[in-house]
Structure formats: structure tokens, C-alpha cells
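What follows is a set of structures to go through.
Here come two complexes built around chain A, the first alongside chain B, the second alongside chain C.
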Partner chain A sequence: MNLPKQWRLKGQRYRLEGQRHSDGRVRFPAQPAKLGEASDAWQPYQLANTGELYSWTAQRSNRNEFDHEPIVLVGMIKLADGCMITAQLTDCEPSELQIGMAMEAVTRSWGKVGDDDLLVYGYKFRPKLAD
Partner chain B sequence: MNQVFIAGTACTAVREHYDRSLLDLALEALHGAVGSLDPSLIQALYVGNALGDTLSEQSQLGAYIAGAAGLNCEAVRVEAAGASGALALRQGYLAIASGQADVVVVLGVEKATDKLDAALQAALALGLDGELERALGLTLTGAWALLMQRYLHEYQLPATAFAPFAVNAHANGAGNRHALYRFAINAQKWANAGQIAEPLNMLDCSTVADGAAAVVLVSQRYAREIAQPIAIVGSATSSTNVALAQRPDLLWLEAAAASGNNALQQAKLKRDAINIIELSDPHGIAAALSLEALGYAERGHATQLAAEGVIAKDGALPLATAGGYKARGDVGGATGVYQVVELVAQLRGQAGANQIANAKTALAQCLGGVGATAVTHILQVAEV
Partner chain C sequence: MRQPERPVGIVGYGAYVPRYRIAAQEIARVWAAGEGALPITSKSVPGPDEDTITMAIEAGRNALNRAQLDPQQLAAVWVGSESHPYSVKPSGTLVAEALGTSRWISAADWEFACKAGTEALSAGMGLVGSGMADYVLAIGADTAQGRPGDALEYTAAAAAGALIVGPAQQALATIEATLSYVSDTPDFFRRADRPYPMHGNRFTGEPAYFHHVSTAAKQLLAELGRTAADYQYAVFHQPNVKFPQTVAKQVGFAPEQCQAGLLAGEIGNSYSAASMIGLCAVLDVAQAGDRILLASYGSGAGSDAYSLVVTEALAAARNLAPRTSAYLKRRQLIDYATYAKWRGKIVE
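Our next item is the complex of A and B:
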């Protein structure tokens, strides 16, 4: 059980909280300043929740927490603000996926943690629904 | 910097050694490498291991193995996922080069089969970013698949372009008695294999198995006593972001390029001086991106080296001559030491059916995770 960790990560997982630099660069997740950076160079920023599929895979051999799922879809999404993010893909089949297709973020269950089956939620991406 | 030489080497067969422990495998390799050398001369033991605390539930492997071997010396476990063994070799190299020691032993050991596959996948995924990749279910194989999918898209290639890497590895594994898979495959069999993590299929994925390999490193003081000394003329490591999404260029293995260039520069060699090469090649995409990072192919063109036979035993740059990850078997954190044991056999003319004629200079590069850590060593036949 790692309750404190799940609590600590709620900003990035529920709200896609990252950071934006004064020069316009965006990064995810929020993190301490790198060596040589001013401590206030990066400010809190909520990432764009849409983007394009940059790459993807359909995993058929999975680790124990995900072994009950026959296929785990994972993708990399280049968001509208330029930030890259890796996420599980949902609401789609592998045959539907095309690099470059429009994607949007949703909040979904990531699974259960620990002996008490704590439900952990976070971001996933799906093919963008028509406006 | 003092010169560093490789004396004894040994490795166990790579197998699913259900009847043997991590310690059994480690001791077999140590006995083989140390041979008749007086153990009291050994000043340090560097153990490369990635998964011991997770899969064998044993930490402090330096002291654990040193104690079992009867060594009371500096004993350190080095961890950098799949690059653990290569990084342990670098620590041993630095100990001799700096003058701190005259004789050290480097051991790579991995015991993967004490737990079932799903637990192994979980352990291997520890080499990814825990919060940004592993937590959402990405596996190490899946991470390489993300790179391959993008590569196929960018360079408009079919997945079958990667088949020659596995075909080459299996052809060579057939001649290595230590290899896990000692049979050849062909491109048709590769194309018919089932998917593991699309677009990576079963015959484009290595099998993680058990094994241990060891080398004894000595200074010039002892090199004259070695029958066929091999010098380490280049040693360099570098790192980059673990999380794929935080890399500026998904298809460029920055650490591999930096460590390769630095090792060649140290050795004062051009890349075409290398006669034989070992890379981290659990999948064709890994071999291809490493070849590009090292400058042997333009970006997007590495599969041509495989298709044209450049990496074959009779090619200009033989790769994976003992079977590589795919056929010798993927020994996790022990791999970097296996690579060097295999290359030393080549440089000493002891590689049997897989011997490359007139091999004098060899390069081994080993990656941790998806190339977040890269370690490169260059070996050369020495005259002392």
C-alpha cells in the first residue's frame, strides 16, 4: 500500500498539472528546478487535454497488476501545447489506431493498489469524439 | 591512467536454471574466471545485477557473493537495469586505471526464473519511469515497441525490415554451446510469429533467462603473466532521461551516442577500426537505433545493414556473434559481462564455430532500460 504516493500524485493524474517556462516550453509533470535553473523559471500549468497520437503499442504480455487484461494499449500523445505524454489508451481497439489521429484526455481507473484494493484514478487518452 | 587488462573469463550456460540459485550461478562463473589465480590477490568484487532484490529477494549482493566466495574485500553491487553488468565492468576498470587496485573481479549475474512471467515483467519495468510509465502498465517490451512503431511510421518501413537482426542472432546462437536457443530461424518464420507488443512479435523479443559471467581485470603489473592479454582501451558511460516522453528525440539514443563516441575517442580509434560488435539487441529496433547512434548507419537506414549482411559473421561488422540477446538469451543485468566474455573469446581465437577471422578490436555497448544508461567498452588484443 502506498497511499501517500497516490495522494501526492493527484495533481498530475487528475488535472494534468505540469509546468510552463517563461520562454513558452511546457513539461510534465511538475518537477523541481534543474541544476542551473532559477527556482521560479517554471510556473504551474495545466496541460492541453487534446493532441495527436505520436506512437502506440498493444501489449499482450503484461505485468501482474495488468495481467487480467488481454491487451493493454499504451500510446504517446503530442499535446496541442507541444508537450509529450505517455498514457494508456481507452475506448478503442488496436485496429482503430493511426499515428497522427486526434486524441483527448479522460479520467479513468488505473487499477487497484494494495491489500485493500484502493482504486487509483488518472488520465487516459481516447480517440477524440466528434465535436 | 594505468592500462587495464582482461585476464580470466567465464560464463555459465544461459538457461532456465530452475534447479540453481543466484549464488550457484555466480560461484560457477567466479570459479571459472579466477581459475588458478591466488584469491588473496583479489582486491575488489564488482557485481552487476538488476533484479536480485526483487526476484531473488536478496540485496547487498556484493557482500553476499563475496562471502560465499571466501573473499573479504571491497564488494559492491552495481545497478543500472540492463546495463548493470557493463557498469560494474566500468567500476572495475576505474579501480585498476586509477591505481587503486591491481586485481579485481567483475561479475554479472541474473536469476530471472524464480518467479512467473507477470512478476518478471513487473521487475523488468522497474527500469522505466515508475510514475510516468510503469504505473500505467507500460512494460519494457512495450516501451521498445513504442519506438519501433514510430520508426516504422517515420521511415515508411514494414515490420519485416527488422527480421534480419533476429535471423542473424539465431544463426550465431546455433554455434554457441552457452546459448539459450541453438537453432536457426528464417524471415518467413519471423513474419508468422504472434504479437507480444505490437509491432514487436515473439521472434523479435528476447527471452530473459538465468546466467552469470565473470572477468578478472589486472594492471600492467600482472598482465605479463597472462597468456593472451586483452586490453580495455576505451571505457565510457553516459545517461539520458529515463521517461521516453521527456526525451527531445524519441528515435535518437543520446546516451548510446555519447558513450560510444567517448569510448572511441579515448581509444583513439575511428569506428571503422572495430572488427566485431556487441550491442543491446533484445529487439531489432534496439540494435538498429544503437547502430545509428554509433554512426554505423544514417538515421532510418540501419535495417539495411542487416538486410545486406553487413552484420553477419562474414560481413564488415559482425554483430551478436554468440547469439546476442535473442539467441544467447537475455541475461538482464549480467549481459554486459557476457558481451565481454564473448568478445574476449573472439579476440583470443577461441570462439569455435563462430570465430571471426583476424578480429583484433571489438566494441561492446550495453543499455539500461530503453537506453537511459549506456556503457561502451572497446577491447583490443594487447602486446605486453
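Our next item is the complex of A and C:
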């Protein structure tokens, strides 16, 4: 189950928390400082939660925690701040997806781990809600 | 009635309704040969990756956007529900982390059947009204359970409503007063080890829902020296369409005063969220100066009643997050087999 690992990753999973370098570079997920690198060179940075669908695919042969889903949609989203992220897509069918369409991040269940069902949550993207 | 020393109001609000619906007719097709009267048209169904926590997070984000608050300004995140994903482990801490609050907050789960969310709202009024805090997020969220084939299965739905209580000067709607009316009434219950609740059929009506809701609403109006005619809108807990329509009439409200906040026909009974998203839907359309009466209901049993007045700030704030109607419009019907699979009703 590895409880410490699940606990350590909550910032990136719940809030798209990455890091931004003093020179402007952004990385996701957050990583420890490398040898010789100033410990404060990378500061916490929350990625934009909206963007455009850059590419996507439908996985129809799934294993493990996805084996109950006939189709799992995975997309690359170019975020409003220029970052690219790969994420599972939700609240949509393949027929609704178009390259370039507006997307937004939501927090959803990623499944359960361990015999006692620790619930894991994280980001997914869906077509932006039309108001 | 209760009025805080420091005037308070709703400074942000947000609704969430899942995309999926099952038609009541589809449930009747499976269990009643498609015959008999139906209490609603359709009900919302949580997607396979949704639960009370995920819905609470989205409603909470919408409320924060409308309040234009930094999450770090919240002093409490309270989630009322009867379908918390864990029996032991709070939903509130996870929702707070996802929203990005400070860790120096109160985060807790509230329980009182369908009025767990408004219990949190009343407590938030106390915390802000006493001056102990400036902003409290109160959420009502549920993925309600209904035994296959039972009358409850036609209506037990899913949604979340989030309200941020803050100082009245910043409010989109001030809360003039509140009161609560409760009694020990066994109309509906579920033990921890049971998957589905038990209900008392007709006993859930007159001595339970109607007595508590009408008593609370009438008493609040009486103590404020008002009548239903002084209000533009009324929102009552809505386990179906008929109950809130009937209790509205008992209290003196006309059908048109209740229409904007009556969502049960489209999405069913969203339990702790039901009266709160009804209020969200009203705040989506109300104008400055409008008065709103809100009365929740929780089995077991009790009702919290509130009198609200809309301020000038509402018109601009309502556009800062998706309106309730946006969630109602993205309606995707599913069949009973898909519903049964997603809701864990198929036992291997």
C-alpha cells in the first residue's frame, strides 16, 4: 500500500503542484534539488488548470485497476501557462473529443490501493464546462 | 430564532452535479414493468470516478472562485454527508488539501442525514458571527444509496453544494436569521454495516418531513414578523417534487416562488446537497433586495430554516463560476446496467 508514498504525492495529484526555477523553467512533478543546485532554486508552482487538448488516445485493452473500464481515455493537454501534461480524461466519450478543444482539470478518484482500500485521488481533465 | 452579534452572509457559493442521469422510467422498466407513477423524471448518477469527496472539491472550488478568496483565508472546511467514502477518516481534510487551504483550520465531517450540510452552515454562522473567524466553507455532498427495486432507488441521487459564510459587508446574500427544529423521529436510518438505508414509507411524510419543515419555516417567519408574501424565493429540501411543493403550500408560498430552486425533478434527491444546490440555483437568478427562505430537512429528524437577503454584489459574482444550470444541461442518460455497475450493485 505504501502509505508514505501516497501521502507524499498529494500536492501534485490534488493541486497540480509542480516547481518553477528562478530562470523560468517549470517541471512537474516536483523533484528534490540536484547535487550542487541551490536548495531554493526551485519554488512550488501550481500549474494552470485549463488548457487545450493537444492529442489523445483511447485504450481498449486495460489491466489492473482499469480492467473494469471498456475504454480509458488519455490525453495530452497544453496548459494555459504553456506546460504540457498527460492525464486521464473523464466526463466524455471519444466522439466528443477534438484536438484543440478547451479542457479543464478536475479532482477525481484514481482508484483504491491495498487490501483495506486506501482511496487515491488525483487530477483528470474533462472538456471545459459550457456555461 | 438566532441572529449572530456580527452580521454574516454567504460570500461565495458553488454547485456540482454529475454528468450522468438515469431516467426514473428506466428504473421502472427493470423493477415495475414500466408501470406506476414516477416521483421524478430522472436522477443524477455519480460517474465511476466520483464520490462525495470529489464532488465536494468541485463545489468548493466554485464557491471560492465566486468569493474571490485565497483558500488560505478559510478558517474551516466542513463537509456534511451521509455518504462519506470512509467510515473512519475525514473527508474534510482531503477536501481542504485539494482546495489549498492553510493547515491551521478546522476540518471536519458533519452528519444529520439530508441536513448535514446546513448543520455546517449554521455552525459557520456561529464561528463567523462570534468573530472567531472570517470565512467558513460549509459543504453538503452525497452519493445517496438506494436498495435495488426500492422506492428510494428512483430518487437517491448525487450532487454537492458549497456555501462560504463570511462578514455581511462582503456578502452576496446576507443571512438575517436562522433556527432549527428537531425531534427523535425514526423515519429513515442506516446502520454502519448496512449498504442501504431503511425508510418508513408513508411515515417519512406527515410526522417527519412535513411536520419539521413546516414548523421550522413558519416559526422563522413568525419571529421575523413576516409572511411568505415578503419573499421572492423559497427553497425546501426536495426528496422528490411533490414534498417541497406540498410543504411550500402549507407555509403559504406559491409554486412560482419555489420554481427556481426546485431541481429534484431533473436530478432527484441529492440528500445533503439538495437544499443547498437549490439555494445555489436561486442565487444564479435572484436580484438585489430579493428575500429567500431556505429550509432543509434531515431524517431522524429536523429542519434548519434561514432567511436571506440578496445584495448588490451577487450580480457580478455569479459569473465567476459555472451556474447550476450549466451542470443540469450536460445531461448524459445511462441505462440500468451501467448504473448498477457504477454504483456497485452487481455482486461478483
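The criterion applied here is as follows: the second predicted complex is superposed on the first by the 125 of 131 C-alpha atoms of A that agree within 3 Å, B and C clash if a C-alpha of one lies under 4 Å from a C-alpha of the other, contacts with A are read in each partner's own complex, and residues count from 1 in each chain.
Here is the rule we use: a residue touches a chain if its C-beta (ideal position, glycine included) is under 8 Å from a C-beta of that chain, and two chains touch if they have at least 3 such contacts.
Please read these numbers as outputs of a predicted model, since none were measured by experiment.
The superposition on chain A brings chain B alongside chain C with room for both.
Applying the stated contact rule after C-alpha superposition, one finds that A:Pro94 touches chain B and leaves chain C untouched. Touch criterion not met for A:Gly18: it reaches neither chain B nor chain C.
After the chain A superposition, the centres of chain B and chain C are separated by 150° when viewed from the C-alpha centre of chain A, nearest 10.
More residues of chain A lie in contact with B than with the other chain of the pair chain B and chain C.
Once chain A of one complex is fitted onto chain A of the other, the partner contacts of A:Gly51 are absent, as it touches neither chain B nor chain C. Shared-chain residue A:Val72: touches chain B; no touch with chain C.
In this overlay, which is a superposition and not a single complex, chain B and chain C have their closest Cα atoms 12 Å apart. Residues 110 of chain A are contacted both by chain B in one complex and by chain C in the other.
Across the interface of their complex, chain A is touched by residues 19, 47-51, 53-54, 57-58, 85-86, 94, 97-98, 100, 322-323, 326-327, 329-330, 341 of chain C.
Those residues of chain A lying in contact with chain C across their complex are 10, 14-15, 46, 68-69, 90-91, 106-110, 119, 121, 124, 129-131.
Across the complex, chain B meets chain A through its residues 117-119, 121-122, 125, 131-133, 135-139, 141-142, 145-147, 149-150, 153, 194-200, 243-246, 250. Across the complex, chain B is touched by residues 9, 12, 27-29, 54-67, 72, 74-76, 84-88, 94, 99, 110-111, 122 of chain A.
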